[in-house]
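So, here come the structures, one by one.
Common to both upcoming complexes is chain A, partnered first by chain B, then by chain C.
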Partner chain A sequence: MSIVTVQLGQCGNQIGFEVFDALFSDSHCPQGLCSKRENEAYQASCKERFFSEEEHGVPIARAVLVDMEPKVINQTLSKAAQSGRWKYGQHSCFCQKQGSGNNWAYGYSVHGPRHEESIMNLIQKEVEKCDSLSGFFIIMSMAGGTGSGLGAFITRNLQDQYSNSLKMNHIIWPYGTGEVIVQNYNSILTLSHLYRSSDALLVHENDALHKICAKLMNIKQISFRDINQVLAHQLGSVFQPTYSEEGSSHYRRNPLGDLLENLVPHPEFKMLGVRNIPQMSEHSLAYSTFTWAGLLKHLRQMLISNAKMEEGIDWQVRPPLSGAPTLGKMSANKNLHFNTSLANLVILRGKEVHSADLGGFKDPALYTSWLEPDNAFNMWKTQRAFNKYEKSAALVSNSQFLVKPLDMIVGKAWNMFASKAYIHQYTKFGIEEEDFLDSFTLLEQVVASYRNL
Partner chain B sequence: MACNQFTGCCSLSPQKFPRAPPRASRPSRPPRPCTRAFPDTCGRCTDGAARVPPGWAPAQPAAWAAGAQSRGDFRVRGHRLRLRDGLSGEHAAAHPLSQAPALWRLLFRVLSLLRADRASASRAPEAQARWVKAALRAQGYPRLGLARLPEDGSQGSRELLLALAWLLAREPLPERLLAQTRVRLGDEMPVCECGALASPGQPAPRVDTAGPVDVRRLQWLMGKLRFRWRNLMASQQEQCALLGKIHAYTRGCHGDRSLGHLSVAETELLRDPEGGRQLLQRLESENARLEAALEWRRRELVFWQWMDTVLGACPPEASQPTFPPRLRGRGRRAGAWGPVAWELQALQEELQAAVGARRAAWAARVGGQGPEWSAARQAAQEAVGRELAALRQAWARGGGRAQPHRPHRLVRTEAGGPGGPGLRAAEVIGVLRSREACLEEMLCQLQEQCRQQLARLAGALPGLIWIPPPRR
Partner chain C sequence: MTQSVIVQVGQCGNQIGCCFWDLALREHASVNQKGIYDEAISSFFRNVDTRMVGDGGSISKGKICSLKARAVLIDMEEGVVNEILQGPLRDVFDSKQLITDISGSGNNWAVGHKVFGSLYQEQILEKLRKSAEHCDCLQCFFIIHSMGGGTGSGLGTFLLKVLEDEFPEVYRFVTSIYPSGEDDVITSPYNSILAMKELNEHADCVLPIDNQSLFDIISKIDLVVNSGKLGTAVKPKSLVTSSAGAFKKQQEKPFDAMNNIVANLLLNLTSSARFEGSLNMDLNEISMNLVPFPQLHYLVSSLTPLYTLADVNIPPRRLDQMFSDAFSKDHQLIQADPKHSLYLACALMVRGNVQISDLRRNIERLKPSLQFVSWNQEGWKTSLCSVPPVGHSHSLLALANNTCVKPTFLELRERFMRLYKKKAHLHHYLQIEGMEESCFTEAVSSLSALIQEYSQLDATKSMPMEDLPRLSVAV
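Moving on to the complex of A and B:
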């Protein structure tokens, strides 16, 4: 089943390109460590999901590109076409001549309604090309101006028009020390609107990716391209094909559907994070070997201690020692650094994947009291190696890991709001103080729900 | 009278019966002992020699029931009721070969086919007998004699035979079983949900919760259900898209012009010759069953006359079942409605009497309650009245038409071209939409009631702030 990607704004378009490129390169990678037939099935599955075929020529990405200025879109289109291996559809992009002024309210209330029809038509055309639509994958930044406002508007439209289709928004959490003064306002508005209309919010933090580039990949001059490539690697390890069931040899038809069903069925808990292990430069990869036991031990500790990468993990953090989990645990009793999970999905790719032992993830102490590991933990696997890593494991987690950053942003935004700083920029374009208050309420509720796990 | 035909134990005069063609070369036989295959049925046979009427081959009803299973599991041949030619059986008192076990098995198979309940296939005979009793009771079988039968199959073939006849009388049983197991070549589209609603399946095992259940867990499970439903919708849309493709690509390939294109099954046939062989086998077995059903229809008058005698031979019971007159599909005469109307009227009077009795009993029981009880009763009556009115409205809106029930073959025609016989997709969609609107209305009403109730509860607790969840 196919996924239609909507790339929004500069951030969304640059990331989108890297994601498609990573998916394509991996599916055509010769070092799959599996039989030819298996490799072909893998390729076919990946292609059906993310690319469409044309009579002649290379596969076309199932994507719609949207931006208010033409520069980034043109760059993206040409980069894809230059590779000669895949490309974007000629008529799949929408852009305007003018810029936007980095104003969330302008994006949501002006650009959105003005260009709603054209953009939804583009999406409709892309949907019609699919034999079967699994859902939408919308890539955008959270704190940007127009991209975020427009993205929130479009997601709401998708909810109205395709109410039965699944929607996952991939959002980029801004740097803590960001440059835009109103980025906190933008963030809370984006998050609250997306929380209402999307099914899941998959979050990548710029800070975390930056650290991965610096420490693990040993890149000296980190560019956005490097960050995006790390990100694309992580997303690829989640969305590439996996077997549909224990012991099956058919690839899963609807990974988006399965992922959402297993991780975000509760309407209050929609925030997802991705961790991937191992992650290193290609140069170092040649000299490394891994065992599943080692990888999974590190991954588990990354989950528990809320570490973003496999270096600098705090091994002191342990699950709470109480025997049988009782209902209504008081949060004071819990180890405050311990990251309680609601649900986890571990995806294993590579050699001898059937020998991997995931007992550590099925420990009830990792999870909240009202879900047992049977319901809360899922595992996908495939023998086919990903992106030349002989063994790799990814973790998609619905857990408390974003509580602190979210709380911080809400706090900062509230401080600004309390003094009514910069509000006129929003009220000028139809975002009233009431909308701000609604957003604060919703996000406080989300923070409280996650804290009470 | 002489027992050289099937008249010995009953009051039918010989002339009512189709005679066997005289066989010239047959020597006259001495009178034989009772050859009734159901010796315990034969209550008054003195000189025996009763034979099953010629031309009656009771194996027939078993055949179509058996054949329906011949695809898989059961071979009934060995248990066929061997009544043809008359057995050289012994008399009732010393008859070891009671046909009761065979009849239990037959009833079991017929009933489990009717309920499409394959899971109960392999049960012990006693369990099967119990199941048959329960199933017949559920269907309203009136005779108490059957409920009293021992389950080991040692006796009771008369009661079992009567039960079989009752099932045969209620509805066109062979046709229904045939329709259920029909070989379908087309892409079948169900047009009604009766099947889904009528058989809710096994009830889920009840899980007893040790303590209070966290509402978040319920929300989690509810959300999972919603996602699965959405994934199902996506899969169905995919199926439709692919069906459309196949139908478009195979346009003009079908021999039958009114269909015009191939179905998935037919396309698979072309691609896979092994599948074709299997299909041929299934069609042949279906043919055999059709022929058996036709045989049954030709002979069944004999069966009913025989059953009348069997019934007459029974000791009278509290409630005698009446075999309603069988109305055939073709040749329905005008006068045939009379008895049916009479039966319906009698049934209505009976129901009214029963309802009246119940009402009186209930009124007597609750007569002594206080005023708040009568207020509650008033409210309940009003609510019931409203619901009835809503139902009537919904029925009127939904057209009140008799809905077709069987699945239909999906055929794609050119836009604007002459359509074939059968339902139009647009009609079916219209009916479904109106039903959807009704259900949506009901859902909104129920949600509003829930909201009001929650608001009342929240208002009852001072100091409680009510934050509704974010709207989906």
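Moving on to the complex of A and C:
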């Protein structure tokens, strides 16, 4: 089954390119560490999900590119075409002349309705190219105007028009300090709207990715390209094929469906995060070897202590004693730094993957009381190595890890809202104070729900 | 891609405008090596086939034939515009884009605004409409003028109302030269205050600039250029004040260097909209992020670096220095000290080989020494444009919405009151039809209200930061 990707705004398009590039590079990587037949099956599965066929043999990404101004899309299209290995469809983009001005209201209330038909038509065309549709992957930022506002609008449309298909929104959480001054307003409006119309929100934080570039990849002058490449690596490790449950030789067909089934048991809890181990520069990779035990130990601690990467993990954080009464989880006994999970998915790729022991992740202490670890924890795997890493593990988690950042954004937006600053820019285009209040209410609810896991 | 139209009004406006067009051509020439008319260049220029008769001949793609500036030149005296039309830039301007008269406004806002306003309203509208028609997607009008005289100040602000009525969806960015303390025009306080009212009400965004600051910046550059210290030879093209000679080369006028600074400001402001980068910033984002309340739309600007040293052996500690300089009061284009006042919002527009980590590092470094208003503690807007300005490897334009504009307005009001109390020169204004004393009193109240807003914000500076109680939800 195929995934149709919708790339929105400057961020969405810049990221989208790196993601397709990473997926393609990996699937054509000669160091797969597996048999030829295995490799071919992997390639075919990746292709089915993300690329469609062309007469001349250059695969075309299953993507729709949307932006309200032309510079970024032009760049993205030419970068892909220049590589010669894959490209975007000639008619897969929608572009206007003037951007959304970082204004969520403009993206949602003006661009949305104005261009609804054209954009939905483009998406329809892409869907028709798929033999069978697993769902939509929408890449967008929260801080700007197009990705956030138009993204929210399109997602709602997708919900109406493709009610049987799944939607996962990939959201970029902006840097804590300053990319856009009204980023907190745009963020709360986006999140509250997406919460109602999307099936899952997969979040990547710029601050976290930045740290990975600085500490793990040792990049001195970090560019957005570097950040996007780290992100693409993480997404690739989640979305590349893995064996299905039935047997070890077939790749699973419905990646989105399986992800959502495993990770979103309850509609109140939709926020997912990704952790990946190991992550390092290609130069260092040549000198490193790993064991599954070591990798998984670190990954588990990253989950528990809410670390974003394998350096600087706080090993002091421990799960509450198992055997403690499961009622009254909200009591003060709980270790405040401990990151409780609702559901986890670990994806293992590479050599001797069958020997990996995941007992640590099945500990009921990691999870909230109302789900059995058997239901809360899942594992996918494939022998085929990912992106030249002999062994790599990814963790997709529905846990409390976003409570603090979300709380901070809501708090800052609230402070600004109290002073009424910038509100006139939104009311100009039909987003009223009441819409803001609705968003605040919904998000406070989400924060509270996650806090009480 | 969007287009912008420059409307240059009065002597000052036209002189600055001229420098702007010269620099714009040079910038595009250095970026656009192949001579293809692309979207970047179309933001300020039309491509015209001059062989075709009549108005048409606009070519949208392909090789550059003849570039015409998207500009309207207005002056009530002929001297400056005539000089432009005889100079090296004469082919860049369309003769139909001009509105001139002979007698001038006599440094009288009322003459500019009321007399010439009504006299030329139709013509102005016609030229503006024409220039808009030539645009695929018109985003912004840039008005360049001075506040202290008659034409730029009076007619320039009359324009604003016309633009607001005729093109309500197009932004109006105004670059205003404020009179310095020792201004030689006696009535400049009257003209400025009357103009301020219009700016308050009809401009989307104002970039106030004053001659004294520009002059100080020039002196600083001269010091470095002429100091003869080893290793301080400056790359000639890199001076923010340099020009290829918009006017005849032999007599470089004293204002040329100053005007070039303003021209560079406008180029840098629009660079991220015209050229590519990893974090683009369009003109509509300036207004969105930097104007928290409609009345508070005055932005203090600073440009760094002012020059690039020619010696490549000097290590690039300069990058961080560039950020530090942007906040020093010596680099601001008006007499203001943002560091010791309150920031409402700040934008950093970077050009050249600078990445997001450089930007973040410097924001983190400078933040502790700056005061932001309580509801906008992280009030930063940033942009990264890959194309540096001519002669530099990187540059930074900082735009601050900061209460440090207040002293400028206070001083202006004081100079006004000194004249007004004595009714000095008032009759020149009152004899113009449509002018009454109430025009003056209303203008002063408008300014006072604005000053009051800034004072209220300043008062919050030393108050402790308190988080407001959040909504509580049932669990």
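FYI, the second predicted complex is superposed on the first by the 444 of 453 C-alpha atoms of A that agree within 3 Å, B and C clash if a C-alpha of one lies under 4 Å from a C-alpha of the other, contacts with A are read in each partner's own complex, and residues count from 1 in each chain.
The rule is simple: a contact is a pair of C-beta atoms (placed from the backbone, for glycine too) under 8 Å apart; a residue touches a chain by one contact, two chains touch by 3 or more.
Just so it is clear, the structure is predicted and the values come from calculations on it, not from any experiment.
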item	value
Superposed partners chain B and chain C on chain A - clash or fit	fit
C-alpha centroid angle, chain C to chain B via chain A, nearest 10°	140
Partner chain(s) touched by A:M1 [first = chain B, second = chain C, both, neither]	first
Partner chain(s) touched by A:Q75 [first = chain B, second = chain C, both, neither]	second
Touched partner set for A:Q445, first chain B, second chain C, both or neither	both
Which of chain B and chain C A:F224 touches, first, second, both or neither	second
Partner chain(s) touched by A:N254 [first = chain B, second = chain C, both, neither]	first
Of chain C and chain B, partner touching more chain A residues	C
Where chain B and chain C come nearest after superposition, their Cα distance in Å	7
Chain C-contacting residues of chain A that also contact chain B	441, 445
Parts of chain C lying in touch with chain A, wherever the complex brings them together	1-2, 39, 136-137, 139, 276, 278-280, 282, 284-285, 287-294, 344-345, 355-358, 360, 363-364, 367, 374-382, 384, 467-468, 470-473, 475
Complex contact set, residues of chain B against chain A	211-212, 214, 216-217, 219-224, 226-228, 230-231, 233-235, 237-238, 241-242, 245, 467, 469-472
For the chain A and chain B complex, residues of the former touching the latter	1, 131-135, 164-166, 195-196, 254, 257-258, 260-261, 264-268, 327, 369-371, 375, 441-442, 445
Partner chain C, residues of chain A touching it in the complex	10, 14, 69-72, 75, 97-103, 145, 175-182, 210, 213-214, 219-225, 227, 410-412, 414-416, 418-422, 424-425, 440-441, 444-445, 448-449, 452
